[in-house]
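Presented sequentially are two complexes of chain A, the first with chain B as partner and the second with chain C.
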Partner chain A sequence: MFRPFEWQDLLPLLEGAWLTLQLCGVSGILGVIFGLILGIARTSPSRIARWISTIYISCVRGIPILVIIFFVFFGIPLLFPGLEPDKFSSAVIALTCFAAAYVAEIVRGSIEAVAKGQSEAADALGLDYWRKLRYVILPQAVKIMVPPGIGFLIGLVKDSSLVTVTGLLELTHAGNVVTNLTGDPIKTFLIVAAMYFVICYGISWLGRLYEKRTGIHVDPLKVPEPAGL
Partner chain B sequence: MALYFGDLLPYSSLLLEGLWTGLYITLVAMLAGSALGVLVYLGKVGPGKPLSVLCTFYIEAIRNTPLLVQLYLIYFALPALGVNLEPVWAAVIGLTLNNAAYTAEIYRAGFESVPRGLREAGKALGMKPAQIVRYIILLPATRNVFPALTNQLILLFLASSIGSIISLPELTNAIMSVSNTTYRTIEVLAVGGLLYLAVSALMSLISKRAETTIFRWAVGTHV
Partner chain C sequence: MIFVENLHKKFGPVHVLKGVDCHIREREVVCVIGPSGSGKSTFLRCMNGLESISSGSIVINKHRLDDSKTNINLVRQEAGMVFQHFNLFPHLRVIENVMLAPLKVAKVSKEEARAKAEVLLAKVGLAAKMDVFPGSLSGGQMQRVAIARALAMDPKIMLFDEPTSALDPEIVGEVLTVMKDLASEGMTMVVVTHEMGFAREVADRVLFMDQGLIVEEGTPEEIFSSPRHARTQGFLSKVL
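Presenting the complex of A and B:
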């Protein structure tokens, strides 16, 4: 009942890879936006903002992404009756919630890595908090954020494989479907792995290019080791 | 909808057993993986060119593919070659192989962060090679990698949840089966999430404590 693995089986895998890229693109961008807000709140002078962001970040970082995916996928329709996001939206929501917390830690680390004298100089110049952030701290912090951010993006691509449990046809689930058709898990999942490798290695290559261009290199042990396995 | 946690009570031992399985597998994979990681790291930086290429390929292949796909290859693809594994063994092997690649990179970063001048200073002081390795390379490097290794332990524990997809009876698996029998999905996910959170917070607390007690002599300084 199985048919051999043929070239046409590459097509669903490529479509899955494209969906994985879209998924990570959308949730990566949303994650960076929310992560910036959270990270700034985490270092802000307001105690309430610091508390809320700290609680959110530590909760998300202490719970497996898989549990977050289940929570969003099953929880949202139960908690908000009538609201039933499709598979892609709930995957985006789950990955964004997850990404925001990790990006926030990177943002915090980068803000703290900006030399202290810079902040003091801005204070001495009489800049208020928001101007100090906008013109002094963030422009320098953003450059430091990029290398760990790239590392996190790779983690996001790998973790996006877990939304396979919701039945969304991304790359890993496409691998499952093709395996069921061909009965050839070895070939299928080696190809799936190779596709992930190309995506992730491509992203890390961009990161190395950035490090070479800017000369910014971040000690990998000092960065909050982000992202999943 | 009203939340009701009472339905979960009969299943609390199932959840705790799941937590225990996850912890157990994490610890085994951490020990075996960080030992294997030493070999992979030594192979990578060692003099043998083919071995070095092989180890580099191994590290890159593992670090650039999802753990889930690696588990699928072990759990679904190996039987096609005639090797049948229980989910527990597939998970232990998968997490160990995965962890080895990450710890090898941690060791590399740790050893590279010990400046060359320090070794030369040791030589100038008349230390024997064994003393140099022990006091000037191993000790500072261990201190440098310790936080990264404990971080890795927590990540590995969280990653053990992925084992549930290949039907490893750990916490996430228990959560989903309790959810399927009681229909208390939100409640059991909340309880399970809190269990994960509690254990990972405890791990992080213990490792911070350990850091300050073991490396008391140089807290907060980088070599």
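Presenting the complex of A and C:
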């Protein structure tokens, strides 16, 4: 009943790769947006904001991503009757919840890595909290968060293979389907692996490009040499 | 202009300022000297709210710093500050460093902020460096930019926190020259410094601090030539 792997079997794999790209693109962007908000809240002067974001981040980071995926996929229709997100939407929701917590920690680390003197200088000029964040801290923090952020996005692409359990036809699931048709898991999953690799390599290439283009003049960690003693 | 009364500052169990009293008049140049750990930087930082006050009061231009209703950002616009490590914004060009507060805090127009920044940078001798990033400047140049940046908000008071301590000895002079010019224009200045020569030449009054208190104060002549207190004598004999 099996037939040999043929070129047309590439088509479902390509469609799966495209869906994986869309999935990671949407949840990556949403994750970065919510992660920024949470990360800023985590370092904010407001105790309530710090409290809420800390609880969220700790909870999500303490739960396996597969459990989050199952929880969203099965839980949302039960918790909100009438609301039946399709497979793609629930995958986006699950990955966004997951990504936001990790991005938030990267954002917090980057904000805290901007030298304390920068914050004091902004204070001394009379900039209020939001202006200080907007014009002094974040422009420097963004540059610090790019390398770990890129690393996290690559991880997100790989972790997205777990949504295969919901039946969404993303790259891993497409590989499974093609294997069932052809009975050739070696060829199929080598191609699947190659496609993941291309996506991940592409992201890290974009990251290096960004660093190269912005890394010319900014060195936020540079501390002036003290006078010779 | 500045009234400090019974100022106490504690960092946890460490009692850094133990009841500082002082009154600084308009157009006065006051240098604060003393050994490391005497509390002089903390004292200065309390004056623009970078450190909170544990008890006592500070009044700057009728703003009470110990009153939680006081808008600290208004006080900071009237009291410019220059730091030991300059703290220029590395992601902004020199002129953008100077323009930032006028643009975003005082909300003046871009043209006005730029014109003003050009004047100030020319005044500190750095008109040629307007469009470079701070990373390419020498320490002395960075500190002069920092002074221009602090002046951009037209402060009535300038606070200097060991402005030359991070500089190579041969370029200390260029920063002190700018500060002398400022003093001669009548700026009210409080300078925490280890530059005894500057204090002697420019200060109207010198405060000697030790162990969280102002131990002795007087004209430079009084402090440097005939210090009364044993701790002042001990300190000066080591540094002069």
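What we mean here is this: the second predicted complex is superposed on the first by the 210 of 229 C-alpha atoms of A that agree within 3 Å, B and C clash if a C-alpha of one lies under 4 Å from a C-alpha of the other, contacts with A are read in each partner's own complex, and residues count from 1 in each chain.
Rule of thumb we're sticking to: a residue touches a chain if its C-beta (ideal position, glycine included) is under 8 Å from a C-beta of that chain, and two chains touch if they have at least 3 such contacts.
Being a predicted model, the structure only gives us computed values, none of them experimental.
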Q.
Contacts for A:Y135 in the overlay, against chain B (first) and chain C (second): which applies, first, second, both or neither?
A. second
(Q) If we overlay the two complexes on their shared chain A, which of chain B and chain C does A:S89 touch? Say first, second, both or neither. (A) neither
Q) In the superposed arrangement, which partner chain does A:G126 touch: chain B (first), chain C (second), both, or neither? A) second
Q.
If we overlay the two complexes on their shared chain A, which of chain B and chain C does A:G117 touch? Say first, second, both or neither.
A. second
**Q.** Of chain C and chain B, partner touching more chain A residues
**A.** B
Q. Which parts of chain A are in contact with chain B and also with chain C?
A. 219-220, 222, 224-225, 228
Q) Which chain A residues qualify as touching chain B in the complex? A) 58-59, 61-67, 70-71, 74-75, 78-79, 81, 154, 157-159, 161-162, 164-165, 172, 175, 179, 184-186, 189-190, 192-193, 196-197, 200-201, 204, 219-222, 224-225, 228-229
**Q.** Residues of chain A defined as touching chain C within the complex
**A.** 115, 117-118, 120-128, 131, 135-136, 139-140, 143, 217-220, 222-228
Q: Name, in rising order, each residue of chain B that touches chain A in their complex.
A: 1, 60-61, 63-70, 72-73, 76-77, 80-81, 98-99, 102, 105-106, 109-110, 113, 144-145, 147-148, 151-152, 154-156, 158-159, 161-162, 164-165, 172, 175-176, 179, 185-186, 189, 192-193, 196-197, 200-201, 222
**Q.** chain A-facing residues of chain C, complex
**A.** 48-50, 73-74, 76-77, 80-81, 83, 85-91, 100-101, 104-105, 133, 135, 139, 142, 146, 149-150, 153, 165-169
